[in-house]
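Below are two complexes that have subunit A in common, paired first with subunit B and then with subunit C.
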Partner chain A sequence: MKRVWIHQIGAVLRLELKKTALSRRGWWVYILALMPVVLTLLHWLFEMSRSHGHHSLGEDSVVFAGIFLFFYLRGAIFFGCMGIFSNLFRGEMLEKTLHYYYLTPMRRELLVAGKYLSGLSVAMVVFVGSTAASFLMIGRHFGAAWTDYLVHGPGLGQLGSYVLVAALACVGYGAVFLMCGLLFKNPMIPAAVVFVWENLNPFLPTLLKKISVIFYLKNLCPVEVPVPPPFSVMVIDADPTPAWIAVPGLLAVSAIVLVYAAICARQSEISYGE
Partner chain B sequence: MSDSLITFASVSKFYGEVLGINKVNLSIPPGITSLVGPNGSGKTTLMNLMTGLIRPTQGEIRVLGIAPEHPERLCRHVGYCTQFDAFPKGLTGRQFIYWFLRTHGMSPAECDQRTEAALEKVGMTEAANRHVAAYSKGMRQRIKLAQAIAHDPQVLVLDEPLNGLDPMARAETIALFQEWGSKGRHVLVSSHILHEVDRISDQVVLLSHGYVVAEGQIQGVRSEVKEQPMQILVRCDHPNVLAARLFQQDHVVEAKISTDHKGLLLRTADADSFYLLLNRVVLDSGLEVESVAPADDDVNSVYQYLIGSEGGTV
Partner chain C sequence: MAVYKKTYRPYDGGLTPSWSRFLVIPRYAFEELHRSRFLSTFFIASFAYPLVCALIIYVQHNASVLSLLGVQGANRLISINITFFMSLLGWQSMMALFLAAFIGPRQVSPDLANNALSLYLARPFSRVEYVLGKMSILVILMSLMTWVPGLLCYLLQSYLEGWSWMKDNVNLASGFFFGAWVWILILALLALALSAWVKWRPAAGGLMFGVFFVAGAFGATINGVQRTKWGHLFNISHLIGSVWVQLFGDTDGTTNGALFFRVPRGEELPLWCCWASLAVLCLVCLYMLARKIRGAEVAR
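Right, the complex of A and B next:
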């Protein structure tokens, strides 16, 4: 039997990429992703021009962990995914083009899957690529020591972890923001709520901490970032969740959110506010 | 319930507290059906409901026996050219048709072939490689139509499809509808160009304020409008003789002899009695009748009688 549904998802994926990849609407997402790459590139060039006073490789490793946690996870990936995924349906509603999809002989669940995969592929390329590029660049000025750190030390393992966490962040936030775009006329409001919740995470009680994406992602990061005072006083420590629970757990939660989004899509109507 | 019909069973749609349509019962057979009514009468709501873009607040809809809640089945048989004048960004006319065909699950070769056929049908082959954003209003209308017919649907739903088309394109588009309708398919058209609707429609559905005011073949609808005397035009050699006899009848409200003295336009409350009387006059007076034809059984007249100026613009 012909697997029509695979062709349909594939068609949506390619059509979405055709419509949105490198579109002017998404320029700020690319800039967000490029910022740390440019920063680490400048850092490399600056350090190369200095003759003495190099800091240690370990310090750069912690600096990158900080950039990853505070810039990528809490900023760039969060807002980038918000821009990409919440527009998949809401953007089409605003542009009055969603009805073209709704008039195709395709289950709405497949439409959600196709659109999600298109958003995910863009987010992955942009943010996972950016994470990998900036990680590889941050210690480049150490030359052979950096190569040795990557090949024989913990470098590649750390890179793998960062890439995995960035990918999981795209998966998790992508699912959440796709659902927001389907449920809310203005996805900025729920996004702001999620943003505040995710950023309050270190200060929340243990039980509440676990109802977030950032908690699991932070636990998967290979290098811990020390919290500076006075914030360190307010931080409530919780037992880290092991990777074998955090990874499938995040994927499962994302799947549940996507199933709910598919149900919403199935029940949704075309209302362009005319 | 027949699988060749489009049926609405007590269907209502409310947008919050605003009425879209109310308790609509319809059974639409194949052929060209026109939806006629003023702005806000519920034409687009009716079309959106039958294509599954919106859901009824209550009631049941079936299109060829399929419920609109199942787009995966319904949209294989339905093409809808909406009135939304928006297109996905960055696509050429050809890509617009091709990629949405791909979402049907067809092979690339089949999509290519259908895309070309659809473009040719609407006369857009030459402009197909240009971006849709660069099209004129008429071209956008035609590319939407091509996209609606590309998968060869059994039911073609068209919301104001003649808008923005020049007279030539309009004539070609109407010919396309007629071709579609003559194949025993459904063509549902909403249009404010009443004389064109009148020319192509097999049946009409008149809507006002969310209610179906009348439905069926236009002559049948007209004959049901009892409170408006029927207008009949008789071309004959002595209209004054006929007029004199007619004035003796209670059912004749008005009779006007045309300026060329070869015609008589009359308004009668009882058309059947008039036809009997006409036979008698012909026999008694030797009147030579060239033609007898109803003068107000067109969509425009029926619209005026049933909806009139209260309805506003069509």
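Right, the complex of A and C next:
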């Protein structure tokens, strides 16, 4: 039985990968991921052409931390996952093709798993790859010093943390948006609510902070980014969650959301007319 | 060959005056929007902040209320000045962005997806009137959310404070009015352009947020990586914030922009650059609309 399940998930994964990864609709996700890569590449080339550097390696590290927190986590990965995952079911509803899946002799839970895995693999390849490429290029103009920082210094550890956080962000936001695509006719409304909630996180009381994806991800980032004034006075500090709680915690929450999405898919009925 | 009696009779009833034909579109659109409970609730809830502002203005001028609450010195706590009105404008403008993201995408995309545009344009109704009609839906709703409550708060303060305050602070009213209009025009054009190009409504709505927030984050990324301030040219909130500071006539640097539309000190761009960037954005939106709003499409 297990082999049949794996076979079925693999079949859905293959079909969905063709639709998700190679679709013309998804061009903007690639552009989102490419934007910082192009910027860091330009930075490398500009700084190489200059005779004297205007900044230190440490400054570049802090700048990357800012880019990762404000561009990747709060912008590109959030909106990218919204586009990829909420489209998995809702897109099929709009194109009136979901019933083809529902008519196959396959459990709905497996369909949800297959679709989620396809979205996750695309999101991970795009955003984790983009994160790693940007990090490796931002300090490349320092030459041997950068290599030394990566190999003998904290560079590789930082890269590992950023890659892990980007992957976890795809897992967490992916699960949330897959459920939104299944439950809501217009996934924009819950997405807007989630966006506001995630951005309000630094200013929320400690207890409420913990009901968000960004709280756990921010604690896993290797370099802290200070909140600029005047908002810094409104920030409420909370004890950072250790990695051994944050990582399994986020995975567990994502699994719960996915199980709920699977139950919803099992009970759902298609009515394209509505 | 059979000869049939001519049964066609041209319409000989009264015609809607040509100048007001575009208003036919909002008339039907408002009926549809009214049916959405979520939108109605959101629209009503968006007046909470202006209501609080009006209450603050009233309480500040009412000594008996202050003494009743036991906060006699509270009138010195919040000043009714440029910062107060800019915060109101900033908050309401953010609400307008959400409204535009919710209702903007449903304006043009259904007509294009169902090939209904030719039905509009087959009538004595031009492309410009169509765009104006669709825009007016957003413009009317966003006006009610932004400059109308702002000017009402200004009038309340003027009434309570006196004629001299009104005369001295006329720049607040004009800044509020024109600043809100700049924002409304940009949002309306952006929403319609995205609606025309992205057929899936939620995606178009998401793209509205994307253009606003992701472009801002990208601008900040450029600033961080290249150690410059020109990345703010991608940041619509920065551009709008700069324009607002000018329109409010803040010459002595009392404020650095409205809520959500702040301009960090030392990172100000030349004003003409801000105006030019906003103009370019509007022109791009108009071009996008002109490409899509056509009665017939040639399929190659």
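By our rule, the second predicted complex is superposed on the first by the 270 of 274 C-alpha atoms of A that agree within 3 Å, B and C clash if a C-alpha of one lies under 4 Å from a C-alpha of the other, contacts with A are read in each partner's own complex, and residues count from 1 in each chain.
Criterion: a contact is a pair of C-beta atoms (placed from the backbone, for glycine too) under 8 Å apart; a residue touches a chain by one contact, two chains touch by 3 or more.
Owing to the predicted nature of the structure, the values given are computational and were not obtained by experimental measurement.
Once chain A of one complex is fitted onto chain A of the other, the partner contacts of A:Ile138 are limited to subunit C, with no touch recorded for subunit B.
In the superposition on chain A, contact of A:Pro36 is made with subunit C only, not with subunit B.
In the superposition on chain A, A:Gly83 makes contact with subunit C only, not with subunit B.
When the two complexes are overlaid on their common chain A, residue A:Gly66 makes contact with subunit C while staying clear of subunit B.
Using the contact criterion defined above for the overlaid structures, shared-chain residue A:Ala191 touches subunit C, although it does not reach subunit B. Look at A:Pro222: by the touch rule set out above, it reaches neither subunit B nor subunit C.
Once the two complexes are laid over each other on the shared chain, residue contacts for A:Gly174 go to neither subunit B nor subunit C. Contact with subunit B, but none with subunit C, is seen for A:Arg107 once the two complexes are overlaid on the shared chain. Contacts of subunit A with subunit B, set against its contacts with subunit C after fitting on chain A, share not one residue.
Those residues of subunit A that touch subunit C in the shared complex are 25, 28, 32, 35-36, 39-40, 42-43, 46, 54-55, 63, 66-67, 70-71, 74-76, 79, 82-83, 86-87, 90-91, 94, 138, 186-189, 191-192, 195, 228. Against subunit A, in their complex, subunit C makes its touches with residues 38, 98, 101-102, 200-203, 205-207, 209-210, 213-214, 217-218, 220-222, 224-227, 264.
Those residues of subunit B that touch subunit A in the shared complex are 15, 48, 51-55, 71-76, 78-80, 82, 84, 86-91, 95, 99-100, 102-106, 147. Residues of subunit A touching subunit B in their complex: 2, 4-5, 7-8, 11-12, 14-15, 18-19, 23, 95-97, 99-108, 267, 269-272.
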